[in-house]
Structures are given as structure tokens and as C-alpha cells.
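A short worksheet on the structure shown next.
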């Protein structure tokens, strides 16, 4: 079994119960998560040998992160300890018409102050077959842009398949800054998670013809991206229809060899916790690619994985490959007894 | 900033968790609320200087009411202490097809035994610009009818804008008794919250032509009411479509200068706690009128306020003006991050 | 008032909160239930004099079962104590698209090791007017088949009306074994709960014409069953449309004197706990038959009872006859105050 | 088995969690209890056939009281339904140095407004061997004094053994009023629960010599009481040493035939819920007398019963005779496995 | 009523339930507190007009702090909004032999980055009679030393009584740095909270003769301090005997006019939450001084206030003057009913 | 780092909250534990490479056991999957004078039906330095006696240090059967956990002179055991004084080279969860022996580990070596901040 490596920040999430405003009661729920950490957990559940590279403080919070990753079978050999603090964020959970409200307290985190010298990518990448990182990481600090770029180049030197999820966050940086940064990364990427908005606002691709269907538009954007970056072999994304904070529909897309493959449309009602839903999808895509499944199988599996994530508290997709496959074959909601 | 005064009873609400019958477990949820108290809290959240006039027992329950109002910024200078008890009610919360069941234990409450001599309306109304009371108050005791009528006349002497919410409760008195009482109040009212059923069964207005649309019917009733009581400048109400105890739609109406203005129709699914939803709407209407907004803005804001209230436990609308406006401009359910 | 007797196993159910996987947290919910025990509880709530015949271990779990039945007014005079253990099962509660997952730990239970000698049916059936048993009981052990058959024959000797619910469970035995067993019972049955799948796969009835409507098909199967077993006077079942684990629709059917009567279709969204929903329906049917109501009344009442059960935690239908009737006459979700 | 009858009020208790002030959180704990109801439950647990005579409102709270009594095996044939409300009280639970604070809201309760005509003591007392009432009942209303006196006289007519627990509550009436009332009852009492303070302040007995030990003083008071009321055959009480709200010691006393028998002194640390501890003791005394045990056995059993009650939430002593005996023979705190 | 002003940081405390390690479960308890904030709350509960001066971020956490202070009646007119974050700390609650473990995450807080220019002490001190600050504030940043010194000098210019609590925290700075800083403050202090360790390690006072009793030693240190700083009129502290994390004893001391006055020794078993216990004591001292009570009354009241604080969750002493006085006169643990 | 192997059963524990009887509420707490599993977890926390050998069912309960062990860093390579069920037990938690009550439901467990053929001790023991098993394992089935004996002989063949904890459970087998079995094991044991009762009732050693102190008696028994089994180099046990279910004292003993070493006596008040306290002690002893610490250090560390375990919910000692050492050097109950 070859190694998979993900690199990024992990945060403490403090979220209210449904129907409560922040600090309306004296209790709050705690979870650990981050885009790359969540992908690592999913891939470990799917039976891969996964290493999560990050930095957390040398205190009980850092230890809790370590236990969290280990509980889910992820290796923490490259989880550095030190720095000032663990990034934190507060979520006032949404319900029905009311959206979740996120308040970040992630500034000065140990991870955001990481330097290139601290990370031994030579050692980390030895024996690695897949490397995954997202657009959140370079948004955290100017030095992070360099580290990510360095790591991607290094990964290609090692012949590693690279995966990049745009994950653009408007609260962290401007579209322009993100665009400039991402363009330096994309020549080194094999698998890319991005969608229509990324194509339009970050890659500056001309808007698709309005007469096209939603899927045709997406295929058009993916075609254009692949023209710009022929190294990108797989592109994926989801169509999410937000009926309310408690009810969404989800459909997965994967684009490979010039063809867009789509899963069926899943209604998700009601949603327990949508945080990490995108990461579950990305992990499903990566799993399918590693296992050399057909594009149809890949997108079906990834979408089912993401749907299931929405039905569980916490950022992590705690379902096995078998459970996800059973789910994608079953009638939703039916008890077997 | 001018004073706002509301006058009415506040109760202890004891309600079960979703999916539990009363006393199925050994735990119950506690909230304080009452129509006029809830309007006071909302208006305080919107930045007004609000005084709640009521009477509660001189014991830890009375003190808890005081803390509750103060937490939400409402002045309690005119909250009298004394009498036998705090009115209480028990709610077996509804869910899906099953409606909530209310059991009242409000008889003999300190408020219901209040006498006119105890309330110094001269002092209370000094510097006041708006006075709000509802049809629940006069239903509590015969003496209450007199007190409310006295207070309304006194308010007009002080040149105060008056607001009255019909809030007819069939468990407290007959339609006939309510009708007779309300008719003595209406000549002193500027802003009135009432709807089709009130027009038909309490004001005896002839039924609207069945071929009319729902909104046309309402406009017809409002027109008739204004003919009877030309002093009433604003009338408002909501259309609520009860799909289930967990799912409603809500649309707000305001009638002014002969025109009915309507908000869009909001689906609310799923509802966390609908108690206080009407009070949040009324407070939104009053806020808009005070702030001299356009009727369209008023009804949009009031409806959004009411919708948000449905997504939070407790009787009180704990959202600020900014949050409600952000909500009414946003796509429901979307996380910003 | 005549006695009603039900005979079957009662289990401890350990179920997660919504949105949790099994053992994701350190807490789990406990309920007691079993098809025949649940029917007994419902009938007791409806005012009948009900005896539950079963066997539980002589330890605090057995005592808890006894208290559970007594809380709901069911007589435990014939609840034997002894044997190794109380059957247990674990439920990972479903939500939205994700179904509940059931893990049984019921092997070696005190009930499954019961012998015919232990049960004094002569004494039990004295003064009894109705006897109810389901297809789960004979699936538990070969000896159980004999006991059930013996009890049915004995019941007919006593002139008792008999009720049988197919309740086929694929996790307990094969279709073939169930079919052979049930066919020995059916000649002694007056009231039978079964549906299309039972007719097709257990009774081997030829498939209905595909051009028929769902209700026409059911009437066809019931007609065929009655030809085979003319002793069966009433047959009943529900049509359940599973939109998701949180949202179902339910419609009740009863067939008597060659005519199929149906309730209206109830949407149930969201479902609190659907375990015991079928038993609530069956109990409603039995209640209506005992009370000699019209088929329309029977099926309306039974379906309303089942719908209400879905809105409450636990296996038991804890609603009274009055509450169910009020519900079936009301607008779902409306608060009365 | 002969009937036991208890007569008194049952209340809803709403109590905070340890370490919380009233309404500091949005949750509160619910229990039902009352001196005579609690004694009824204990005696039922000990295997007696017990009837609780009281009046509760005809609403879900009244039904909950009924279920509560039935869960514990007490007959509710004579539980009247009607009147305005169920008495309620709020408890801010004590801990360590801080005492519990009780706020009553029991005025206007259905029970306190009961009239003599409503209670058919002839029917109730038919077949009864023991009748128990406490000094709380006559404190609730002037008419209650008459009802209790009537019931005691009637009980003696039926040849029933009578039990009376002083239970003087300074929040309900004056010492003088209680004294006058109790003196009319005592000529009809066989078993009496009272202590030093009752002897001094209610019966006006001269203070014991200060040089006497605590137990000698008690024996002196009991001797004096028996001189005044030779009909009283058994007198009992407990010595409670309050170290803190969380830690008490308890020792039981029974006086019969001129001799005071005492249990050992039990430390209780920490206390879970002391409400109902006295009622558990009284029930233990009554059980022992009915079973004709020796005074030593009686007081040992009653004290052990009371100690165990302190270790359980709720007013009711939910331990069986076997469990209490096992406890009084065991080393406290030792696990058997 | 004259104004009281306190100046300091307020933090979010995240603490585990008893018997849980940090992040052993997915839930954590939230409280807001800080030495000067807690004193402000207590003094407000005692009926004073209190202003809390601090800086919190302009986000939902800052708003929650505002609500927290307002709930307890403290004015927030001088609560600045801005900066990066709210200081946070995590507490693994202690129990029995295991001590609580504190993990700070307070670096970069809005308060610690406050500048002198932001605080308008002229306006704040107008009409003020008492100013309270602690030794935590100057430990947070070098600039804070200057601000505190400036504020003390300014207070004396305004003729304000000043109060200073050493509150030395070894996790924030060295003894030497604290000593140097405190010595610049002390010439401006009227009321001082400090103890033996402060005298020895921060003020460099020679160790007391070992043959002295604990209280004699303390009197010796206080005498020495007063010789160094004759402006300090009152000094106070507590003797705490830590039997375990769940059980302490507490005795209060106040030194005035050359005499040490002591409260009785209170056992506190078991402790609910000791955070804020010292602040409750200090507030009690300040209250007594303002109310010009006798030293004996002051120390009795302050100690009782502190003891009660230990019996409640949260940092705040939520007891009124009447409740504290009732407690100091009562038998601990006794229920009044 | 050399391997450590433990072999035994792991059970699901279902325990009530403090102050609740079994099934008094609808919630119960879940933990996994077993003597050998708990020792494995502790040793892993102390930095050792530990393998737990056992058998659990191939279902979600088996998977949960696997996750539980992995969360704590224990290797599950030799955790077999199969068989009927996971042993379960119910605990009614004790408090104050009331002891915990244990109800076992462990019959027919997968582990108890394990056969020798299933366990590949050759592979398991390869590279192993320490093997630990307890007297519970052979009590589960006759075949288990053989497996344990086989494993011990095999371990000695591999030159592995062996550890045996008597752990006699009277609910599982007779003293005579245990004695016969243990005597076949003891010739192969290097480290033994046993005490006075084991010496007297299982090994038949003559009672010590009554004039001896407790520790002298223990030394006497250990001397006698070593005469019988000179291969046993280390013997250990604890003295536990049970003041109540909430309060114990604990003192550790180790005997080596003819000398008994004792820790200080720790009061533990109040106890959170004492299950697993003995296993924490044993693991501490093994850790000290492996690390070649002095007997004084060993017994101090092991006792401190056991004391800390009592302050945490669950069977597992989740403290690190550093935390335990810090604890054994600290003043209990003191907060560091």
C-alpha cells in the first residue's frame, strides 16, 4: 500500500446546538477539522495509508488533534508540535431558512506561522503516491504560498500524483490574490476540484453561453481549464441546490478525457452537519482514481460519500467503503431488519 | 430616543423536547414569555428604549422574570412585585403531523389580580412615544378590561401612538365578550394587528366575496375596519400556511392608506419554536413605523424577523436589526465563510 | 371487560441520537419493545384489559420490563422470570437519506428458550376474548413454532378471536421456512395483518396484473388469501412511501367482506421514531374490531394511531383513544390555545 | 392482603441541577411527590396493596400524577380529577454549605379545595387495615382540618390502624394553629411520627433536663406524649445531623412499650436528593409494624430505607424490601462482582 | 449612588464536565470571566452602579461578553470593541485528588493590544468613587503596565478610592517583573488584596518568625506592608486549605488600623466551581468598605460571598446581599420549608 | 521497543448516571473495558508497543471495540472477529452509602467460545517481552483454562516475562475451581497481582498472626507464596479502605526480594468511576518493572496511576507517564495558573 499525504491546517470547531444562538446556553459542541485533515480521515477509512502534515501547539489541544487523527487511523508522524495556538472557529448552526454563521479565531495559529524549514518534504514524500492540498492553505500567510508551491514542485519531482481543491474563501483573501497564487500551482496539478465560479472569477474564463444546461456549462469550463492546464487529468465538483439550511440536493460531477460524468441528484433532508461534505466528496474522488474505477463509479461513490457525511455530526466522514457502496445501492431511509 | 411602553402578562413556559410527551422524562425546558413582553424584547434589540409594565410575584420567579427582561435590555422600572403567583403553562411540543398541546396554569396570577391603583400610568407615560397592548390582557380578569381601556385613553391624552394586537384566545373568553371589549378599545388605536377571522367573528364584518384572492379579501376587511375606526392608520397580519407542526409558510401583510403591501412567502422548515413568532412580526411592524420606513420595507423586515424567530428556542426574537436585514437580503441556508 | 392476551418477545433497544454513529459518543438511549408487547401497550391505553405473556430473566432487566409494562397498564401476571438473558438490539438511528442500521444481540434469550410446559395457556386463556401473536415469535426457535401453533389451536377451543401479524424478518429465517410455518397457523386466524409481499413470497399467490392500481392489487391479493383461508375475516396493512428516513407517507388498508377500505394518506415529516409504528396500526385495527366500529372508522383510527406513534420516542403508542380521534379530526400542526 | 390507604396532596416539583441557581439555565428537573404519596409508593414497593386518595386537575398534569402512581404500583381508584390546578414548587438544589431553597406555588390547588362531600371514605375504608395521613394536609385549608378529623374518626369506626406524621411546615401555618389542630387528631392515632421539636412547640411538653443524652431526651418526650395520648402505641423519628447540604448522618428511633430502640448512625455522603427521605423512613416503620417485626428490626429497616432514598433522584423510595435488607447487612460502597 | 469602575480583561472559559478529560467528549461548557469583570458583577448584584472597562472583538464573542455583563446589571458604556480576538482558556476540571488543568489561549487578545489612547479615563472617572484593578492586567503586555499606572494616578487626581488585587500569575510573567511593576502602583492604592506569598516573594519582606501562628504571621506581613505603603488602609486575603479539588476550607482576613479581623473557617465540600471565588471575596470586601461596615462584618460578609460562589457554576457570584447575609446567619445545608 | 501482549475478554459496560437506578431514565452510558484490555491501554499510554489478543463479533460492536483500542494506541492485529456476541454488563452506579450493582450478560460471548486453534500464539509471541493475563479469562469456559495454560507455557518457551492478576470473581466460578486452575498457572508466572484473600482462600496459606499489622500480614503471605512458587519475582496489591461508594483510600504494595514496599495512603473523595482502578495499578507496576525502576518508584507510580483513574469516567487510564509523575509530586487539588 502506497502512502497518501495531505497538508493543511486543522482547527477546533465550536458549534451550537440547532435552534440556539452562540452563547445562548452554557454548552457548546467541539469538533476538530480542516479540509486536508478531513480528506485524510476519509481516505484512511477507505483503507489507505494516510499521513497528515500540519502543525499544532504543544499543549492539550495539540494532543487532542493527535488523538483525533489516530482514532481515525491517520498517521501523525509528520504532525509538528509548537507555536502559539490552535486555530479556532465558532459556528452558530443554521436551521431551516436561517444560515449558519461562522466566526473565525484562527489568526496567529501554529500552522499559519509554519516555515518551510520545519517541513521535511523529502522525508514526507518518500514512498508517497498521492499528495493533496487545498486553496485554504496558501491563504493563511504569504509564506504559505511558497511552501505549497515548493511542495507541489517537489511532489512532481518524486513522481507523485497531485490533487488540489480550490476551496476559495472570501473571508481569507481577495479573488485577485487567490487567482495569482493558484495559477502558479496549477501547472503541477493532476487532479483538481473546482467549479463554475472558480473558472469565472479566479481563472478568468469567458462566461458560458446562457442557453446551455448547467452540466453543459460545467463541461465547457472544464474544457477551457484543460486547455490552459493540459496536465490536469481529472476535474470534479458538486452541484448543490440550497433549499434551506436543513435541506439541500447534491449531485456530483467528474470530468475526464473530455467527458463529464454525473451522479444522480440526492435530496438531503434534513441535514445534520454539512461541514466536511465537500471534503468527503473529494476523498471519494481520490479513492476512485487510486482504485482505477470507471468515472461513473468514481462520481457515484464520491457523491454517496458526501451525502452520508451530511447525516453525521462532525467534520469527518466515518463511513467505510462498504457502507458507502451499500448506501449507493439502497433505497434511502429503509430499515433492514 | 423616546420611550416605548408595553403592558401585559409574562408567563413561565415549561415545554418538552421534540418527540417527548409531557412528563415522559424527568426534564423540561423553561422559558419566559408573553405577547407584550416579547414585543418589548424585540424592540429593545432593535435599539429602542423599552419599558415593560407588569406584575410578578416577589419571589425567585419574579426575580427571574426581571433578569430575563434585563438580559434583553428592557427596563423593569415599572415591573411590580407582589401577589400570589406567576402564571405558568405547559407545552407538549408538536412535531410533524402532531400539533403542540398547551395546558394553562395561569389562574390566580399576580398580574391577573392587578388593580388600577397599582399602576401609575401618569409616570409611566411621561416621555413615551408608543404604547402597545394586546387582547390577551383584558381577557385575564374583568378589572383588566377597565385598566386597558383606562391606559389607552390616558395614552391618547399624552399624545402617544397606540398599538393593539387582537390576539384572541378562545381558551380565555368567548368571542362575544372579546368583541364587546375590543370595540371599546378600537377608537383609541393607531396601529392594529388583526386578520380575517377577527374581522368576521369579532367585528362582525360581512364575509368577503368568495371569488376574491386571499390578499384581496384581506384588503376588503381592512378597508371595512378602517371605515369603522378611521383612527386606525396601520393594520397588519400574517398569512400562515400550516403544512405540519414542523413546516409552515409565512407571508406578512400591512395595510396603510388604502393599500395592502405584502412580503414574499417564506417557507420555514423545520421550525424550532414558533411561540413568539407573531410577536416578532408585530415588533417588526412597530419598528418600521417608528423608523418611518416605507410600507414595503416595513412588511419585509417584520416578516423576516418573524421567520428568524421560528428558528430559535424561546419566545424572544434575539436578532438585531442588522441581522434581520442581512437575512432578508440573503439566500436562505447558505453559509458565508 | 374481556381479557386480551398477546404473546411474544420483548427486547431492550439501545439506539443512538440522530446524527450519531453507534458508540460515537458515550451515551445511548434505552427503550423496551417487541411487536406483541407494543400491541399490548396500545390496547391498554385504549381502555382494554390486556395481559402480556412472555419470559424475561430474573434480574434487574427483567424487573425493568415488568415496570415498563405496568407503567402502561398491562398486566404481567403471565410474565415468566428465568433463563439466561434479555434479547437486546442496537439501532444506529437513520436520518434523511441514511437508513437506520439494526444489530441484533437476541440469541440465547430467555424467551427464545421457553418451553411449552412453562406456559399455562389454559389459565391464560380463561376469560379471554382476543389473542394476538406475530410471525416473529415462531422465527426465534423451532420449539416456538409448536408453541404458537398449540396456542392458536387452544385459543380456538376457547372460542377466542385470534389475530396474527406476518411480520416477516429476513434476518431471522428464510422465506421458505416462514411460509411453511405460517401456513400451519393461518387456518386458525380471524384477523390477519399482511401485505402484497407476504402474499407473493410467503403464500405463493400469483402476481397481480401490472395495470392495476396499488389498492386494486392489494384487494386482489386479499381476495386470494381469503379464498385460501376463508376463516380470516379481516386483513389489514399499510402503504408506506419512504421518501427518506425522516419523511414517510402512510396510508392504512383494511379488507373485510370483500371490500378494501382505505384511510387518507398522511405525510409524516419529520419522523421522530418509527419503531413500533406498525404495532400501533395493528392495535388500532384490533381496537376498532373489538369496539365493532365500521371499517372506515377502524382504518382511519388505526392509521392515525400509527402516524402519532412516529412522532414520539420509544416503541409504545402512548396516546389515548380520545387523543387519536382528536388528531384524526384536526388540522395537523395547528396549536390550540 | 389488606388495603392500605394514604390521603394527602401530591405536587409537581421543579428542581435545578446541582450547582445551578433557579432559571440560570433553560432546563429544570421534574418530579412528583407529597408526603402521603411517597409513603404509598414505598409501601407498594414493599408488597402492600396501597390506595392513594387525593385530587388532581383533569388535565395532562393530573394524568401524569396518575401514571406516576401506577408506575409504582399504587392504586388510583380514589384519585379524584377536577379543580383548578396541581400544586407546584420550585427547588434550587443545595450543595455543600449552601442549603436548598424552596419556593412554593401550591395555593389554589385542586387538593386544597377538596370538600368532604367529594371523598367517599365509607367506600375507601372498606377492607382497609391501615390509614396514613400527615400534618401537611390540614395545613392546606380550614376545610381540610375537618376532613382529616372526619377521616380519622371514620377509620377508627372501621377498626383501622391509623398513622399520623406531624410534618409541621412553618411556611404553611403557625405553631399555634397546628397545635390546636393536631390535638383534635391525636386521640384517634395508633402510630405517630414526631420528635423533640413537636413535643416542645406543638404539644407544650416541658423541656427535658439538659443533662440528658439526646436519646434519653427523646424517650422522655415520647413517654410524656404517651401519657397524654395512651392510644398511641408506636412513636418514631430520626436524628439527622446536617454536616452540609451534601453530607448528613441519619439515625432512626422507634418507641414502643416504654422503650426507645435506635438504629446505628449512617453517614450519607454525598446526598443525591434528600426530598422524601422522611417519608421513606415512615413507610419503613409502617411496613415493619404491619409485618409484626421486632422494634429493632423495624427501626433498622426503616432507617436503611431512608438512607437509600437519599441516594436516588426523586421523592420515591424505589427499593424493594430485599434490596433494603441486603443494604442493611452489607458493607456500604462495596461492589459485588 | 456613586460609580464604581473596574478595568481588566475578560476571557471565554471552556471547561469540561467533572470526570472528563479535555475533548474526551464532544461537549464543553462555556463561561465568561476575568478578575475585574467578576468583581464588577458581584458589586452590581450588591446594588452598586458599576462600569466595566475593557476591550473585546467586534464579533459575536464580543457581543456575548456585552450581554453577559448586562445580564448581571453591569454598564458596558466603556466596553471597547475591536482588535483581533477574545482571550480564551481551557479548563480540565479537577475532582477529588486530581487538580484542574488550565491551558491558556489568550495571546493576541483585543484587550492585551489596547493602547492608552483608546481609553478615555477622564470621562470614565467622572463621578466615580471606587476604582478596582488587578495584577493580571499589567502582566498582559508592557503597554498595560503604563496604562494601569496612568489610570491609578489619574484616579487619585479624581479623589477616587483605589483597590488593587495582586493576583500574581506565574504563567504570565516572572516574580521579578511583577514585583517591579507592582511597586510602581502601590503608592496609589487604598485597598489591597495580597497575602503572605506576595509579601515574601514580590515585596521582599523578611520571613516571619516560624513560631508564630498563621494569623500572627499574616498580621506581621500586613504591618510591614503598611510601613512601606502607609497609603494602603485596608488589606485582605483568604486562608484556603486545599483538602482536595472537591473539598477546601476558607477563612477570610481583613487588616485595618493595625488589627487583623478573621471570619470563621468554612468547610466547602463539595466544590462546584472555585473559579471566581477570590473575586467574590474581594467584591465583598469592597462592598463592606463602601457601606462603612465594621471590619468584622466586612470579613464575614466577604467570606460568606466567596463560599457561596464555590457552590455555583460560572465565574460570577450571583447572590444578592440579602442571600449572603442569610447564608452567613444560617446552619449550612438545612432546608427551610 | 519490545512488544507487550495481553489476552482476555473485553465487554460493553452500560452504566447509569449517579443517583439513577437502572432504566429509571431512557439514557445509559457506554464504555468498553476488560481487565487485560485496560492494562493494554495504560501500557500504550505509557509509551509501550502493546497488542491486545481477544475475540469480538464481526458487527458494529466488534468494530467499536477495535476503534476503542486504536484510539488508545493499542494494536489490534490479533483481535479476532467472529462468534455470537459481545459480552455486556449493566452497572447501577453506586453513590455514598449505596454500592454499585452489577448485572452480567456475558454468557455466550465470542471470546468465551474461542478455541485454541484460533489463536496463533507462535506469531503473537514473536518479539514479545511481556505477556499479561488475569484470572477472569480461565473462569469464562473450561476450554479457556487450557488456552491460558498453553499460552503461559508457550510464553516461557519464548523467554517472555509473564504477569498474572488473580482477579477472582465469585460470580463466575467457585473458589475451589479457581484455586485448582490458578495452581496450574503459577509455576509459569514472574509477576503476580494477588492479596491476602487470595493467599487464604485460593492458595490455602495459613492465616497470619492476628497481632501483626496489615502490612506485616501481607509480607507474611507474600513470603509464603514465594516459597511455594520461587519463580514469582514480584507480587503486588492495593489496600483499599471503602468509606463509601464515593470515598475510598488507596495504598499500593509491591513485594520484591523479600521486602514489601508501600506507597503513601491516598484519599479519593469523591470517586468518579472506580472501574479499572485495579488495572491501572497493575499497568503501573508492569511499566515500572519494564523500565527497571526502584521498587519505591514502581509502587508510587502505580498507586498514583490508580488514584487518577478513579477521577475519570470509563475503564481506561488515559493519563501519560508525565501526568502521573506530576500528580505524584503535586499537592492534590491545587490549580496551577
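Letters A, B, C, D, E and F mark the chains as written, and numbering starts fresh at 1 in each.
The rule is short, and it goes like this: a contact is a pair of C-beta atoms (placed from the backbone, for glycine too) under 8 Å apart; a residue touches a chain by one contact, two chains touch by 3 or more.
The model shown is predicted, which means the values in this text are computed figures rather than measured ones.
When each chain is reduced to the average of its Cα atoms, B sits farthest from chain F. Residues touching across the chain E and chain F pair largely diverge in numbering: under half of the numbers involved belong to both copies. Computed centre separation for the pair chain D/chain F is 46 angstrom, with centres defined by C-alpha atoms.
Computed from the mean C-alpha positions, the centre of chain A lies at a distance of 63 Å from the centre of chain D. Taken residue by residue, chain B touches two or more other chains at 26, 67, 101, 270, 313-314, whereas all remaining positions touch fewer. Because contacts link each chain to all the remaining chains, their graph is best described as complete.
On the side of chain F, the complex with chain E involves touching residues 266-273, 307-308, 310-314, 318, 327, 330-337. Residues of chain E touching chain A in their complex: 14, 22-23, 26-32, 59-61, 64, 67-68, 84-86, 88, 90, 92, 101, 103, 105, 107-108, 313-314. On the side of chain F, the complex with chain A involves touching residues 67, 70-71, 73. Across the complex, chain E is touched by residues 25-26 of chain C. Chain A makes touch with chain B in their complex at residues 18-21, 24, 94-102, 169-171, 242-248, 270, 274.
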